[in-house]
Amino acid sequence: ADPIKIAFIDPLSGPFATTGESGLRSFEFAAETLVNQKGGVLDGRMFEIVPLDNQISPKESLIQLKRAISDGINYVVQGNSSGVANALTDAIEKHNKRNPDQRVLFLNYSAVDPALTNEKCNFWHFRFDANADIKMDALTDAIAENQDIKKVYIIGQDYSFGKAVADAAVKMLGEKRPDIEIVGNELHPIGKVKDFTPYATKIKASGAQAVITGNWGADMVGLGKAIIEAGVDAPIYTYYGAHDGITATFGELGEGIIRSVREGSLNPPTPEFKALNDGFKAKYPDNDINQPRIFNTVAMLAMAIEKAGTTDPVKVAYALEGMEYDTIMGGKVWMRPSDHQAIQDVHISVHTNKDIVVDADNSGYGLKDEKTVTMAGKDSPTSCEMERPDA
Amino acid sequence: MLQVTDLHAYYGKSHILRGVSFDVGEGEIVSLLGRNGVGRSTTCKAIMGEVPPVGSIRLRGQEIAGLKPHQVAHLGIGYVPENRDIFPTLTVRQNLILGMKSAKPKPGDRWSMDDMFELFSNLKERADVVAGALSGGEQQMLTMCRTLMGDPDLVMVDEPTEGLSPLMVEKVAVLLEEIARRGISILLVEQKLTIALKISQRLLVMGHGHLVFEGTPAAFAADDQVRREWLEV
Amino acid sequence: MTAALQMQGVRKSFGPTEIIRGIDLEIPTGERHAIIGPNGAGKSTLFHLISGKYSKTAGRILLNGTEVTELQPYQINRMGLSRSFQITNIFPRLSVFENVRCGLLWSMGYRNSFWRLVDTERALNERAAQILDEIGLLERCDLPAGVLAYAEQRALEIGITIAGGAEVIMLDEPTAGMSHSETEGVVELIRRVTQGRTLVMVEHDMGVVFNLADRISVLVYGEIIATGTPEEVRASKAVQEAYLGAVDAGEGEAH
Amino acid sequence: MSATETGSAATGKSGDRTGAEPAWKRVADDQMRRGAFRRTLPVWGAAFVVLMIMPLLFSSAVGVTIMNQMGISIVFALSYNMLLGQGGMLSFGHAVYFGLGGFLSVHVMNYVEYDGWWLPLPLLPFVGGLFGLAFAVPIGSFSTRRAGTVFAMISLGVGELVAACSIIFVAFFGGEEGVSGDRTMGPPVFGSEFLSEVEVYYLIAGIVLVAALFMYLFSRTPAGRMANAVRDNEERAEFVGYSQRYVRFVSFCASGFFAGMAGGLFAINYEILTEENLNLVTSGWVLLMAFIGGVGFFVGPIVGAIVLTLLQTVLSNHTELWQLYVGILFVLTVMYAPRGLTGLVAMHGPALRTGRLGILARAYGAAVVPLLAFLAGVVLLLEMGNVANQSVVGESEAHVFGLTLDVSTVAPWLVALALAAGGGYALVRLAPRLRDAFARATGQAGAAS
Amino acid sequence: MVELVIFSLLNGLVTGLLLFMLSSGLTLIFSMMGVLNFAHASFYMLGAYFAYTISTYVGFWPGLIVAPLLVGLAGALVERYGLRHVHRHGHVAELIFTFGLAFLIEEIVQFFWGKATKDYSAPELLQFPLFTLYGQNFPAYKAFMILISVGIFIGLFTVLSRTRVGLIIQAAITHPHTVSNLGHNVPLVFMGVFGVGSALAGLAGVIAGPALGTFPGMAFVLGSIVFVVIVVGGLGSLPGAFVASLLIGWLQTFAIALDWSVSDLLDILGISFDSEHVLRDLWTLSLPQVAPILPYILLVLILIFRPRGLMGKRET
């Protein structure tokens, strides 16, 4: 039978190619192990991942979307950059409206801008990662529990995600621990800062006892290193402070300081996950399974297709809505129908080399869970009002 | 000193020099005359190696055809190009400094910067002005001084009196004689006969790519036919 | 009738050195006036001052009675003064034809218009071709100006200058670098195109100067030491000392 | 050489050497005939026909999308060449006018959708152009004061500033998400609501033709000719009555207008504008497009836009090393074809005119096989090296040219090496013959160098 | 506050001197040879990567010497076999060449070293806080960076003021034949200067790599800022580049340190604004936010009001 093609639109060349490539490998591995080796779906139709390089540019993404559509592909997955996700969701909504006979579903595995499941939501978009607000909710829970923390410094990249993180942190900390003083709320230009020492100086001078940042990539490494080197002795709460070379770079320096908020528990792993990870490492020794949600995405799509009994995107979308799935890493995922936001466990984990079974970057260091919020954000409000097509 | 035998030169495929032979003796002033475009400048350029020469060029018996211009210069040939080829963005002093072969003056040098300023007081006043701002005539003088700073044993001077006022033309003639007196050979390329006749020991007249006359000024004066046919007189 | 050009106490210094030291000169309309003087006397500088390339340190310059002291070169040009350069100054990558046409555009009223096509304007193209014919470059009109021989570039330089039909034409050493016969041709050309116009010219070739000029000014060290008819100037002792030297002024050089 | 002719000719007045008609009249007529717009009509007609039938040849959605992108790039690159090629102004910030024109077009699109403005879609690019112009006027007023490095550096500074603003001023630029709109909300034009890609294609094609036509005509106007003159010698231009600054300013504004128009086209095609549309990367791309195509020719930027768009959208799907290849192409082009791809073709003009293309064809024919072998060898080596470099266990297969090669074995490496070395050696050996054939075919002395 | 000022001064010094290390090489290349070398930062990146690889075998210190030499060699080869061909086609061609080269070097680096950040770190010997003030550390490595850059400044300044290399090159850009007729080996000088300029960039990379991270985007991050430095400082002026580097270094660090924003100003003036207004982003603009673009504002202003830069002799 024909394979079911899934277009993977993410950067595969240029500066962000590492992230894109690592996502692609996870997708390919997930499709292989979770679907194809089990005989596929709908009596033998296999999943085929079609990689399409978008160079992290919205323009190129739209061209690749057109390419996918030309090839008759109905499922698009993407994750890097909320800007691209926004361009895609917008274009897909218009496309589906204008071409009802050739609709496309957008499975977003990583773009966490809350707007995508709030004011900008639509029926065709499903998000499998916990959004920034949900993660912040869990993160501030952790801070709130620690009575020693009285002063918090928030710093992030100057763009929508950085701002969303900062706003959520201020709001939630205000609600949960009104006594905590926000000693700094700072945005720095994205990707342009050569040396983070001046920021570290400021953070040190403010006497912060905890730092929250949504930084990623080189901005994350630079900021983290500068803070630690300046002698700031405070936990750094991050969204993207691990894997893709970051864990290796922090190494000993970050021990017990860097914390990450994320879905999918890595340490301690479930036996199933351990086995999956071993298989993955055997194939891709230089990569990690650092986005467990990719496995959820593939597995849930397969389930939805089976359930709908067809690959018709509308029917599959209805099948996805409200679906519950027991993940390999332990815990459940529930695709909330009201806004297509996956609700799942969120963990706060710490960068360490103790009790690490599944390490990152082959460095011996990894993320160990410190705190778990089950079904985080289950009742979080959403402003989403989506138009649903006739099934 | 300099011995040129059967020299040919080409620009692309156009054959400019078609077998030029002559020599210049120690301390001698030889003038190379001819109409516009017959290839006098090309002769100089071929000797310098700026235009690839075909044939033999010997300096004190040493073959120099095929060497790079900077190597030829180091062997003792100086070239004063036509068209006021100064470095316009550098000052007069810097232009002169660039004329020297090494960063510091050597003991045996025949010329110093002060000599130059003495000869051409205009330049002295303008020593720290960018050369591009000099008057046309001053640029012409600077070109000559710059080459002398390199202490050559033989100078090829290409149309040095172009654009000079009558008084200055005489000054140049005096300078050229002074140069020769210091034991330096001169190959003077000129269009105007006045100074060539006055100061040179021998004259060469060039036709299209080859020499059509060689002899003393006196012989030249006697040879009306060459003057009519090959020079615009 | 007012003079075409009037200079009143014009001075120019570069840093501490004063190059032009107070020039008062009046050139009546229709006169062919030559400025001669030793190298570095300030002749070209004076040209630059009049044509607006340099700003004056002091003094006034009037063109047809209008003050032009503070104006930019293009403004002065629009008022009817056109000049050539001692060191060739053309548009090297444009064709010879285009060079002359650019010299014509403003004076024929085209300005910066972007609603007319240059190639459809008959008067413009015919005028350009005529000028090319006059300067003897008609056959070379399609070549890029930069590849022309030196003497041809000099001719083109003059062509661009006279193209606009300016009332006052200033030529800085127009015959420099030309052979004898070329010089003769250019002198004839200048004589023809300046018929009824005002010409100011710098030249070292005394043959040309005495041939063309109605009056001559001698500039030495930034000052005019003599002004008069060719005969008067030739006869002046001061001029001979400062400039002409031993060369027989009457014969020019190298004849 | 001809200096002697000059002398005698200088004395000749408008002589009637050719008989009835004076020579100058012939030259003037000739100039007017050659410059007549009529003569280029067949080219425009052909362009029109090609544009019309393209979607029939490439009818897939992605084909049309790529052609749309090409159209946008063509207008943008042509507008850039008004600066660089015609005006001698090297800009590092041309995306500013493209992006701002585009952003404002999307905003206008939204006003049409939500505030009931009336604007048929085909007019939107002109609105974009006006906005491009509106920004070019104030910026040009100070940046065109000087040419050369000063202009280049100001454009760089302005480019950086505007790019930074696009992230800071979220209300206008929409932050990272950008601003999106819906092109179908305007009044229908000839019954079309621009729902499908092909309709958009015809809209873009029409605008491309119109914009290219006007840019071409601009280059033939007094303002356009003087831009060339000022590029060549700004000082002399001042002495024929033109203010160099104003001449540059006019070109700059015109260029800003057309860049804004390209931005408007972008808004129509993608219905979204983001920060990337006005950042320095886009400015760099347009510089490359113009240069690779050839800044000395009107069609140069068109060629560049087409080639680079193809590389970016098509090659990138076949190899992740595409940027490496593009980099190599850039460097080789600058080194060996400094007048761009168009220059490479134009170089053969003399041979074509003299009918000696045959000589060249033979020489080229002999070089084809070694060249292909060399290229194939190099590409194979790079691709296999890339696979070998990535530590994916059990995946040692490189997919090149539809072949599957196992990089863990020696044979493919040897073959690739042999191809590259053999082809390269043969090319080196053939080079003198090629040069000679070229010189003979073009009949130019020293043309080979 | 005192603490902030002292450390901002120090941080600015380090940033500024790093900028200077890069711009010193570029001043050589850009202001002498007239080449807008967009690949300059790429040589900086190469320096870091070479040194990283060397350090994995024999440690940091040999890399400090060997890596810049290798980069210098690479630069010389690029001049000899690339730039020289392009030179006669003019500045734009040269620029595109370096543009392509920058692109190419980044791709080559990724090809050989991969795309992830490398853990190239400072030598053990220098991994200690030199002093601690108000509880804040000043790493010894930073002091080392300061030392090296000041050394470069002094060395380069002495060499340039004692030799005619600068003059030869300036003259040779426009009149190569004339210069070689005077006895100067022009091609060799060009190659040498490009090599030395690249080696300086390489040295900057070796030193900055451990402090600022070694990753394929490290060249792009610096990108055009080095041009800002040399244009602001004045083309051809090494002291100018030095002053401009420090100025820009401090400008950026103090802009980050000082939390001033437009809304503070409005507060002082007693003006309030509508938080939904289109211009809301303007009213909340803060100094740290605009810190990285301050140099570009400076650049544009300098070019408008003083095109020859702070200490330049000739116009840009």
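Think of it as A, B, C, D and E in the order they're written, each chain with its own count starting at 1.
Simple rule for what comes next: contacts are C-beta pairs under 8 Å (C-beta built on N, C-alpha and C of every residue); 3 or more make two chains touch, one makes a residue touch a chain.
Predicted model, so just to flag it, every value in this text is computed and none were measured.
Asks: Of all the other chains, whose mean CA position lies farthest from chain B?
Replies: A
Asks: Which chains are joined by the largest number of contacting C-beta pairs?
Replies: More C-beta pairs are in contact between C-D than between any other chains.
Asks: Averaging over Cα atoms per chain, report the distance between chain C and chain D in Å.
Replies: Between these chains, centre-to-centre, one finds 43 Å.
Asks: Taking each chain's centre as its mean C-alpha position, how far apart are chain B and chain C in Å?
Replies: 30
Asks: Report, in whole Å, the distance between the mean C-alpha point of chain A and the mean C-alpha point of chain E.
Replies: Centre separation, chain A to chain E: 36 Å.
Asks: Residues touching two or more other chains, restricted to chain C: which are they?
Replies: Expected reply: 149-151, 179, 181-182.
Asks: Which residues does chain D have that touch at least 2 chains other than itself?
Replies: 1, 3-4, 164, 168, 170, 321, 323, in rising order.
Asks: Hey, what residues on chain A touch two or more of the other chains?
Replies: Within chain A, the residues that touch at least two other chains are 17, 158, 189.
Asks: Can you name the residues of chain B that touch chain C in the complex?
Replies: Contact set of chain B toward chain C: 35-37, 83-84, 122, 125, 129, 133-138, 140-141, 162-170, 191-194, 232-233.
Asks: Show me the residue ranges of chain A that touch chain D in the complex, using the header's touch definition.
Replies: 12-14, 17, 25, 52-53, 55, 57-60, 62-63, 66-67, 69-70, 81-83, 86-87, 90-91, 94, 98, 113, 115, 158-161, 163, 189-190, 282-286
Asks: Flag every residue of chain B that touches chain E in the complex, lowest number first.
Replies: 48, 50, 68-70, 73-74, 79, 81, 85, 87-90, 94-95, 97-99, 101, 103, 146-147, 150
Asks: Which residues of chain E touch chain D in their complex?
Replies: Listed in rising order, the residues of chain E that touch chain D are 36, 82, 85-86, 89, 91-93, 95-97, 99-101, 103-104, 107-108, 111-112, 114, 223-224, 227-228, 231, 235, 277-282, 285, 289-290, 292-293, 296-297, 299-300, 303-304, 307, 315-316.
Asks: So in the complex, the part of chain C that touches chain D is made up of which residues?
Replies: Listed in rising order, the residues of chain C that touch chain D are 51-53, 72-74, 77-78, 82-83, 85, 89-94, 97-98, 101-103, 105-107, 110-120, 122, 125-126, 128-130, 132-141, 149-152, 155, 160, 163-164, 178-179, 181-186, 188-189, 192.
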